[in-house]
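Accompanying notes for the structure given below.
To keep things simple, chains are lettered A, B, C and D as they appear, and every chain counts its residues starting from 1.
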Amino acid sequence: MNVNVNVNDYLAVASIIFCIGALGVLIRKNLITIFLSLELMFNAANLGFVAVSEYLNLISGDIFVIFIMVVAAAEAAILLGIAIAFYREKGAISMDKANELKF
Amino acid sequence: MSIFLKYILSIIIFFPLLSAFILVFVNKKAEGLLRNLATILSFAEFVISLFLFIYFKSNTYEFQFIERFSWIREFGASYFLGIDGVSLFMILLTTLMTFVSLLSSYKYIKDHVKEFVILMLVLETFMLGTFASLDVLLFYLFWEFMLIPMYFIIGMWGSGRRIYSAVKFILYTLAGSLIMLFGLITIFILHYEQTGDFTFNLLKLYNTNIPLTLQIVLFIAIFLGFAVKVPVFPFHTWLPDAHTEAPTAGSVILAGVLLKFGVYGFFRFAIPLMPEAALILTPIILVLAVISIIYGALVSIVQKDLKRLVAFSSVSHMGFIMLGLFAMTAVSVDGSVLQMINHGISTGALFLFVGMLYERRHTRLIADFGGLAKKAPILAALFMIAVLSSVGLPGLNGFVGEFLILVGSFKQYTIFTIFATSGIIFAAVYLLWMFQRVMFQDITNQKNEDFKDMTFREIMTVLPLILLMFFIGLYPDVFLSRINPTVVHFVNIIEHNKYAYNLIKAKMGLFNA
Amino acid sequence: MDALFYIFSIIAIFSALMVILVKNPLTSALYVVLCFFALAGFYILLNMQFLAAMQILVYAGAIIVLIVLVIMLLNLAKAKDTIKDFHQLSVGIISVLLLFVEIILYLNTAGETKPTGIYTNAVINKIGNTQIIGQFLFTKYVFPFEVASILLLVAVIGAYIFAKK
Amino acid sequence: MNSKDLIVWLIPFFPLLGAILWGVFGKYLKNYSGYLGSLFIVISFILSTVIFFMVAYGHGFTSTLYPWIDASYFKVNVSTTIDRLSVVMLVMVTGISALVHIYSIGYMKDDKGFARYFSYLNLFVFSMIMLIMANNFLMLYVFWEAVGLCSYVLIGFWYEKKSAVEAGKKAFIVNRIGDFGFALGVMLIFITIGTLNYSTVFSDIHTLPPYLITTIALLLLAGAVGKSAQFPLYVWLPDAMEGPTPVSALIHAATMVTAGVYLIARCHVIFSYSPDASDVVLIIGGTTAFIAAFIAMTQFDIKRIIAYSTISQIGYMFMAVGIGSYAAGMFHLLSHAIFKGLLFLTAGSVMHGMSGELDLRKMGGLYSKMKKTAITFIVGGLALSGIPPFSGFFSKDAILASLFNKGDYFFWVIGELVAFMTAFYIFRLIFNVFFGESHVDKNLHVHESPNIMTIPLIILACFAAVFGFIGMPPFNHSIFYNFINKDFANSFNFAPAINNYPWYLLSAVSVIAGLTGIYTAYVFYIKKSFDLEKLKSKFKPIYDLSYNKLYVDEIYDFVIVSPVKNFSIFLWRVVDTIFIDGAVNGIAQWISVTSSKVRKVQNGMLMSYLFTLTLGVIALLAYYFVK
């Protein structure tokens, strides 16, 4: 169908988005933004799965994407709970406040 | 009956666990019922274990009552049980000592009775399993499980610095046994590489060919695991603490059974698996054993705490057992195994008596007693017999074992034996001196004026041990005839390897200087 | 088609960057939606229309809406988040650069793999991609599928318990 | 089991039965334990006599009861050997035991531990019988320890008294030191010969190299020295006098302490193959005889004087067996058992009459108040001093004559010197206790002992008077020599007698030595021709040395006891607590300090965890590339 764009290009885009997501996770302090960055990383992985799956003529990768979506949905639900609880506890959702995670 | 005999080992091992399970359903408040039930069940267990003794064939070294089921196929581990002359008596000792220590705890254990009796019975299962396993993984599992109930028994019902002692006990033994696990797994892998057979079967692992250097490394690793348990100088310092703080029942089990696991481990695992390394390292181990004998005895002399004194005397006595085992002659190993039984009985009895003194006066300091013989003649008389048995007085059990050990070791290791023999003198010094200060002379402490003599239950607790002391002392043949074939086989393996060992020695020019 | 790929790429990378750079979480969320649309475009390019639909329906439609709901609920749109911590920023950038270099290196060193499967685009088109995914999901992957449903249930209960007072 | 075996095994059975009965049911059988216990011993005595005549007119034999230990190549049976040596000892032990038992009924009448006492005493008789009858070294060792135990419990019989308990412990431990050598000797015999049975050991011992034979002999000697209270291990015996007096008579004079001599006589084959070891026996015997007599001369405690006398007399026996005159040694053993048992029992009778007083400075003039006791005591004293026709004369003379005839003039001189000292100290005792002016406390009601105590004394006195005639000089033609020497036929390797002086010349010297001793005592204590205090101050160093028992206890304490104790404390406090536990706790400390530092990494900040996570991923990938 197209000769110029191949699986490597998709993977390159996926890596870039993945790294941008990772960067977001590391430099942002807002719980919501961190979560969104995480979603970016998820989707970068998804893109990789789909691209490779297409390249290898397989379906498993696509199926995997569906499961990742399920996990992401579950995660979002939990995040909702955690965010509300955290906010209630700390009055903010800056991750600077998450400093009691020790024994 | 035949099915009973076929699965008798499993029955014996898991009957206490079943008993513990039954006790789970007894009301926590019904302490009397709990105690009686536990005692009766442990007595039943002892009676069942006597069937082993009755049906044991004494003319063979082969393992008997073998049971074998596949367990974890992926690791080649199997549920593989079997006993020979040595483990037979270890099992009998375990069932007897558990019964005795449960019987001894009626007054000592006042709270958490339910937890206590259940833990004791569970502990019994693990100990029996360790003695009966012929599968290395199964053995190791039971070996480690054993620590858990013991930890709680010391930690929950102990006295004084009980947490410190319990933690010290568990860290010491755990450190040792993890190093040991490394050694056992290495042998397992070597065996797999050599034969392609993925198995933890001990009898097959015996045939593993281990290169000499590796053997020495592995032997040292496994030695550490067992030496801590024995305990051999300088790995002994957990013992006085654990003994001193543990409740009577805990001390009795600790001295009576748990210490035997170290020696048993050497007998069953370390030496037959790595005979050449054992032979090479024998001089070092014998030095440690002799140091243990004299060191334990000397330190006992100056102890102020009764239990600590008996604990250090254990170090000394276990040194004898190590000496006998590593002298590796049929007579000395016979004596060593017999002495394992003897030590369990004598030191167990001593701890029982110390426990009785503690129950009455809530102190263990020798200086707090004195003149008790007048108030408690029965206690004095029976205590005296236990002391004399521990001293190694002829006619009682300790003598037969010690003498066999010494006479068996004398030829090859004359100097060691002479030093070891001097330990007998010191035994007389510290034990008699202790006994004198506790039992004789005038009553100096007013609190001892209304000291009560032994109750019927207490007499029943120690009576089996006292009778056994006389029985073994006067007619040890019942025991020796069953131990001997196993021991002779063991020594033959060593002799066989000695030949190879001498070849290696000649080749490598070891110890030529 | 190549042109579409590059357009989608630019949109995706741009919106991704915006997600992590803007201060307002609500704006971030909207950029994420944009990014997801671009990804859905990729999926269509890769002949997986079903996944593209799912991406928009589930991700953009459900998950992000949920996030926006949280932002609204907690009234966080005003809780501006700035990137002022220089140390955090520098360490983050350095480590992510390292990560990126490593990923690229990894992709370059990975050996060439020939297509092994039978589900070429032609086959998929013949059966229909929704159908083929459904077949797989309810036959070979039925067990993970059920586990995933349990996971969702757990997540729902978990969220409830967390959010509860 | 034929009748012979049955009789043999019944001899120890009765005392054992008694020991168990009084031991377990003492509370209920208290009133019977004395009479029945004595009866049991009398039965044993009668049976022993039967066996004695069986052997005298027949042969010795062995009898096995059951196999005791059977561990691979180490096999030992419970079995006995009955020969002339053992029957003689049997008759002596059971006979004196019977008398001491009867005596004890009176002596211990009011004691709380009456039944316990008879239980221990019966147990002792059992052990002693088994010791004598043993037919292998292990059984010998076992009952060697068993009599030691009985001695321990009987010395400490009055356990409320600290000194009694200390003395018991001292006896046990000092004996253990000797037994340490004994045990090593037994082991050495086993590993060199391969068995512990007497007959095999004695027939095979000559195959060993001489140095091994000497080693074995010296190790056995160590046991003998401990049990027989010889130099340097004699310190326990004087202290052992804390026990009841009949015990001192039976155990610490007549039977147990002479077991060492019996051991050497029993092992005469081994000793005769080792002249060096025999010389050591001789030297130890001579030294002990002299030292003990020297100390005895200045003591004031009547029991201790007799105890030192016992040590000294056993020194004589050691000298005898040291030069190979086993028959003479055994003869002195028997006659000594009789007259020393008598002396102790009479001393007990004095104590009984004096309410437990032991200090001879607080006595005097008792002759008129306790005639029977006094006369029997004097008979014993004369026998001890070697005055004819009492038994001590014959037996001591046999030893001195053989010393002289073998050419050991030095030890002969010592022997005569000791004979003089012996006569001196025992008559010093007699004169101070029974004659002269009375120093007795006025309030004390001195009385003669009851018949049940004096009858055994009279029997023993009669024996002390006439027993010696079976060893009429010249000794090697006497009845006793001819009887017992059949068993010593194996002993050789000793030079034959080099002198052949007429026996009456040597006897005359001994008698003169004895009489001089008695006369000296008479001059000192009855006539008081010298001022004793002046004499004392003139020879003060020597007197102090003797009075303080050569400071041996203090030396032992300084050289052995304190260092061991301090070293033990060092081991416990320093090695155990500081080094080993320090290392163990140090490791634990190190781990806990280090981890408290390391745990700072775990700061609770979510963001730093995220960084760590990322770094971990980077590191893992990096590892992939490096690999």
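A few comments on the model shown:
Here, a residue touches a chain if its C-beta (ideal position, glycine included) is under 8 Å from a C-beta of that chain, and two chains touch if they have at least 3 such contacts.
Predicted, not measured: the structure shown is a model, and the values here were computed from it.
With centres computed from Cα atoms alone, the innermost chain of the structure is B. Averaging Cα coordinates per chain places subunit A and subunit C 6 Å apart. Rounded to a whole number, the gap between the C-alpha centres of subunit B and subunit C is 63 angstrom. If you average the Cα atoms of subunit B and of subunit D, the two centres end up 37 Å apart. Measuring from the averaged C-alpha position of subunit C to that of subunit D gives a distance of 99 Å. For subunit D, the set of residues touching two or more other chains reads 607, 611, 614. In subunit A, the positions touching at least two other chains are 22, 26, 29. Taken pair by pair, the chains that touch are A-C, A-D, B-D, C-D.
Those residues of subunit A whose C-beta lies close enough to touch subunit C in the complex are 1-2, 4-5, 8-13, 15-24, 26-30, 32-33, 35-37, 39-40, 43, 46-47, 50-51, 54-60, 62-63, 65-67, 69-85, 87-88, 92-94. For subunit D in complex with subunit C, the residues that touch the partner chain are 607, 611, 614-615, 617-618, 621-622, 624-625.
Within the complex, the subunit C residues that touch subunit A are 1-2, 5, 9, 12-13, 16-17, 19-20, 25, 28-29, 32, 35-36, 39, 42-43, 46-48, 51, 54-55, 58-59, 62-64, 66-67, 69-71, 73-74, 76, 79, 81, 83, 85, 88-89, 91-93, 95-96, 99-100, 103-104, 107, 113, 115-121, 123-124, 129, 132-133, 136-137, 141, 144, 148, 151-152, 154-156, 158-163, 165.
Within the complex, the subunit C residues that touch subunit D are 88, 91-92, 95-96, 98-99, 102-103, 105-106, 109. In the complex of the two chains, the subunit D residues touching subunit A come out as 599, 602-607, 609-611, 614.
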